[in-house]
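Shared between the two complexes below is subunit A, which pairs with subunit B and subunit C, respectively.
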Partner chain A sequence: MDLAKTESLDLPQAEPAKGGSVGAPRLTWMERAIVPAGVFLLLIGLPWLHPGYRLLSLAVSTGVNTIALCGLAILFGQAGIMSVGHAALMGVGAYAGAILARDLDMSFWAALPCAALLAAAVAGLVGLPSLRVGGHHFVIITFALCGLFTIVLTNGGAFTGAATGLDIAPIGTVFGVNFSKLQNLYLLAAAFVLASIGLMRLVMTSSYGRTLRSIRENETLAAALGVNVGLHKIVAFMISGAFAGVAGLVQVYFLQHISPDLYGAFPSVYIALMVMLGGPRMLLGPLMGAFIVTFLPEVLNLDPIDARIAYGVGLILVILLLPGGVMAGLAHLYLSCRRCVVRS
Partner chain B sequence: MEIFLQQLINSLSVASVIILIGIGITLIFGLTGIINFAHGEFLMIGGMTTWLVVSHGGGFLLGAAAAVAVVGALGFVLERSLFRLTLDRPMNGFIISLGLIVVLQHVVIRFWNSYQKAIPQPLASVWEIGGVRIVAMRAAVVLITAVVVAITFFAISRSRYGLALRASVADQETAALMGVPVRRYITGVFIYGSALAGLGGAMMIALFPITPFIGSVIVVRGFAVALIGGLGNVAGAVLAGLVLGLMDGLSAGYGLPEWTEAYSFALMILILLLRPQGLLGGTAGPKAI
Partner chain C sequence: MIALEVKGLRKTFGGVVALDGIDLAVGLDDIVGIVGPNGSGKTTLFNVVTGALKPSAGSVRWLGEEIGGMAAYQIARKGLVRTFQQAMSFPALTVRENALIAHEHGARSGTRAVVPDALLRFVGLDGREDEIAGSMPFGNLRRLGLALALAARPRLLLLDEPAAGLNDSETEQLAGIIRRLPGLGVGVCLIDHDMNLMTSICQRLIVLDFGAKIAEGRPEDVLNDRKVMEVYLGAPT
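After this line comes the complex of A and B, so read on.
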């Protein structure tokens, strides 16, 4: 059964084809570079296309989601652990930023490491007991974490702003760049997105990524080969928590107002769904997932409720038909087209 | 003392709804390995069905029967069309159930808006025994739950179908070789669990108004009950449901009511730390991991 599991999820990207029966053909460096380069140019160049305020702020929220999704993609795509508590971890980052700015007068840049570390610490605290007891229990615990987090925020009184939440001033001017302007804020978010994708690639290509994948494929075997499974699972969760914390911090400076319902169970479910939709094992999967869910419905002017229904149905279809997500589907499509062309 | 008794009796009816949902989840999750987070939405749809029937002039009993039938049928359709395809990869089934939450909830909101729905109390009488007021509807909910629990418990532990079911949980292949139609049992358990959620929804709307967003709150309770009691263990689910229900009721009267929901999470985390197999021990989790 394990064999079937790995085979049907086998994607062209992560490892070279198993057994070499069909075999993913070796791509030239040009083919490898063209999509990332295009995405890079589009991300950086978007403000110069005069997208307008609405589109640009949508792009920022897409970016915020992408940062968190990269973390979740490392956790689920590489280590094979699913979490439906990532909105709570984003909330830790966001509230840390808002409270540090209010009480300690900390700037965005000073709060950045704090938010990342704090979210990672919370993830570690949650993961320490619950990762021990197996994947399914972990999923449920993370879901409960979101519920608990919202209750704590709502009952936190003046410290967390209770149900109305907290306000925060914009980032302001740093080195002559005014981040109150949406365009500059967008560039900041884009830089964070590129950095997260870069970090994700680093994890995926490093030996650490291989360790995580060995846990994903067969935990018992990995443990027998001397991998400290428990430790690496917690570390992977902490890494993804740090991503979520940074995403939350960028979000709070973008929205300038946060409230507990942004970080409850439903946002978490949406984050988990986005990562599955985009493709958790693909480098650009998180960006794709965030783009489809956050950006597309608004641009197409769909009624929000219809969009949600379409999104749910689409997700179910993707899971059934393309278990690797949209990006993996596209990659497969490209590879099979390429084979046809090469053969003819 | 009287207030204490009053709280105790009131919280029993809340515990009943939690037990109904918890039994459904513990059976489905513990026996078939399907993690269905949309189970709370099933309850919501049960409640909404009852509301629709009652607001169109049907009686509450008709509404409850319709809720059980509709949600049971929904369970059948979804199991056959979606969950069946993911039995060997539970994580995909889980993700699909997350998608289902989104779809079911918004379909309900789309057609019947997102405001809260209520029906008139089906049983209006109130008995007073020794200074304790017992609302007849609450007593009826407790009674119905007790009957359902008893039937479920004996069906699983005593009947030959229950035996075959437990055999197929212990070892699917061997059970299949002995002539147990394992797949059909999985479908059956899924339908039964869904129908219980429908019944729970009918009970719930008889007690308080519900909104289309009730599902996610309830489903966490249900999973808490299933995990605290031990997966697949009906008696464990009843025990855990009682504990959670009483904690809810008593904290509303004595503790800090705004923290009520936090208690069940805290208890669940504590139990998973100390006794990962649950209070009464379960099926050691589904086989298909």
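After this line comes the complex of A and C, so read on.
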């Protein structure tokens, strides 16, 4: 098709836009950079603020969840596919790490690619038949995956440690850094969090992210324009699985003991809650979601039952009032404040 | 040269026969119109040809290759691209992102690649590249739908009621755009109920009724055909 010769054609103009400015809110690069920069400094600097042991371990838990959430944010925020089975994929990474260390004497670093690939492979196997149906069916199938995974682990005998689970030695000293110290383990988790957010940004800003968004926005149209919808759904699920596998591996070396109940349906629902709460389409949404869900019971002094009620109420409030999650809500709040200031 | 050749195409949903042995042929420099009453199988025909539905029987050949039963994205990548009755877009994305998606996928070879911005100018959406598609008025969404299909580098474009919901001046603009397509190497096959539009731009009309072709030929001949008049106006008593 040669459109060069159509330049001179007298083509009518499109209808003018109604109302004021439309489109994505515009932020200057300073405004864009200041929050990530602040978060970056806080993440790296936290150990030097002398937090107590309790706070620091909560921070590591937040980090572990954030890694998995970045993957789920790609799946849900970009491709529009919700999974409530992500704890099972974390479990694949965690058990892979523990079993590889026990049977093959594999270190954390050697197990890292194995955990990521294995979790991605499991995601691919589950996604292959189930992503063809999509929507609510997929949510239910991922939920069933969690139940199945727990049953397999509980009945796995000595191989999976049955209901008691498995123990693992700490990472130990690498290049003179002793990762048995919580402070250093925290920094390792923080590095993984930063890498996950970086990878998530890479996907979001690439043309691959655009392909995933086309599936989220209109599957039928995407297919009619040549997008291989089925393939990209499975690949997106496998990418999110790899993130979950890495998160599970970091988790097992942090907890040093894992059992099946860590990877059942309840933890999966928590992960889904976190991603919706934080903001699945926002770069810092996963961190925010993990932070809120991990720290809220601590800050408000809630017992586990009250915390569950609080999460439920919180989720309903977010869906009703902040459909884009807390981070998107904050961004909108900032923009409307700025508009008021500029006007006055 | 015949590019799309449909022979004995049947599509049944349970006991309902939606397409009852359709034959048709469309060339790459044609503008062919498909008309018929509601429920006569026009959209089903597009759905089966472009892979949204699997044919029950018969063959669909595109550039000499059997494509019946292939997936929708595979057919689109071969240069046979359709638009939809509803003005479809990727609503939360910007107009440029919409066009880029079609540009990055779409046909792999054939016609030369066109930058998406030139296409948006072609359909009259220049200056709106950064607007969110879902916030645009209906007429612009129709333009966008056409731009998306063109960005996928089609050799034959199947337009499903492109003028539905447009006012007279918008329909006139649309007709101008469609008339230019064969000259740009894009054949057109379109469904519409607007007979003024159809008779003014189509070289050939095909009339469907109850899933069967009842007439085919030049617009003025077809509309004077006795069977066609019966279908549209009822049998003479």
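Just so it is clear, the second predicted complex is superposed on the first by the 317 of 344 C-alpha atoms of A that agree within 3 Å, B and C clash if a C-alpha of one lies under 4 Å from a C-alpha of the other, contacts with A are read in each partner's own complex, and residues count from 1 in each chain.
In this section, a contact is a pair of C-beta atoms (placed from the backbone, for glycine too) under 8 Å apart; a residue touches a chain by one contact, two chains touch by 3 or more.
No experiment lies behind these values; they were computed from the predicted model shown.
When the shared chain is aligned, subunit B comes close enough to touch A:V313, but subunit C does not.
Look at A:I141: by the touch rule set out above, it reaches subunit B but stays clear of subunit C.
Within the superposed three-chain model, A:F266 lies in touch with subunit B and out of touch with subunit C [touch as defined at top].
Once the two complexes are laid over each other on the shared chain, residue contacts for A:A222 go to subunit C alone; subunit B is not touched.
Between subunit B and subunit C, it is B that contacts the larger number of residues in subunit A. Of the residues of subunit A, those at positions 1 touch subunit B in one of the two structures and subunit C in the other. Remark: subunit A residues 1-3, 6-7, 9, 11-15, 17-18, 22-24, 207, 210-211, 213-214, 217-218, 220-230 touch subunit C in the complex. Chain contact summary for the complex, subunit B toward subunit A: residues 29, 35, 37, 82, 85-86, 88-92, 94-96, 98-103, 106-107, 109-110, 216-217, 220, 223-224, 227, 258-259, 261-262, 265-266, 268-269, 272-273, 276, 285-286, 288-289.
Those residues of subunit A lying in contact with subunit B across their complex are 1, 4-5, 82, 84, 129-130, 132-137, 139-141, 143-145, 147-148, 151-152, 154-155, 265-266, 269-270, 272-273, 276, 305-306, 308-309, 311-313, 315-316, 319-320, 323. Within the complex formed with subunit A, the subunit C residues making contact are 50, 52, 71-73, 76-77, 81-82, 84, 88-94, 97, 100-102, 104-107, 111-112, 114, 118-119, 121-128, 130-132, 135-137, 139-140, 143, 148-153, 169, 173, 176-177, 180, 184-186.
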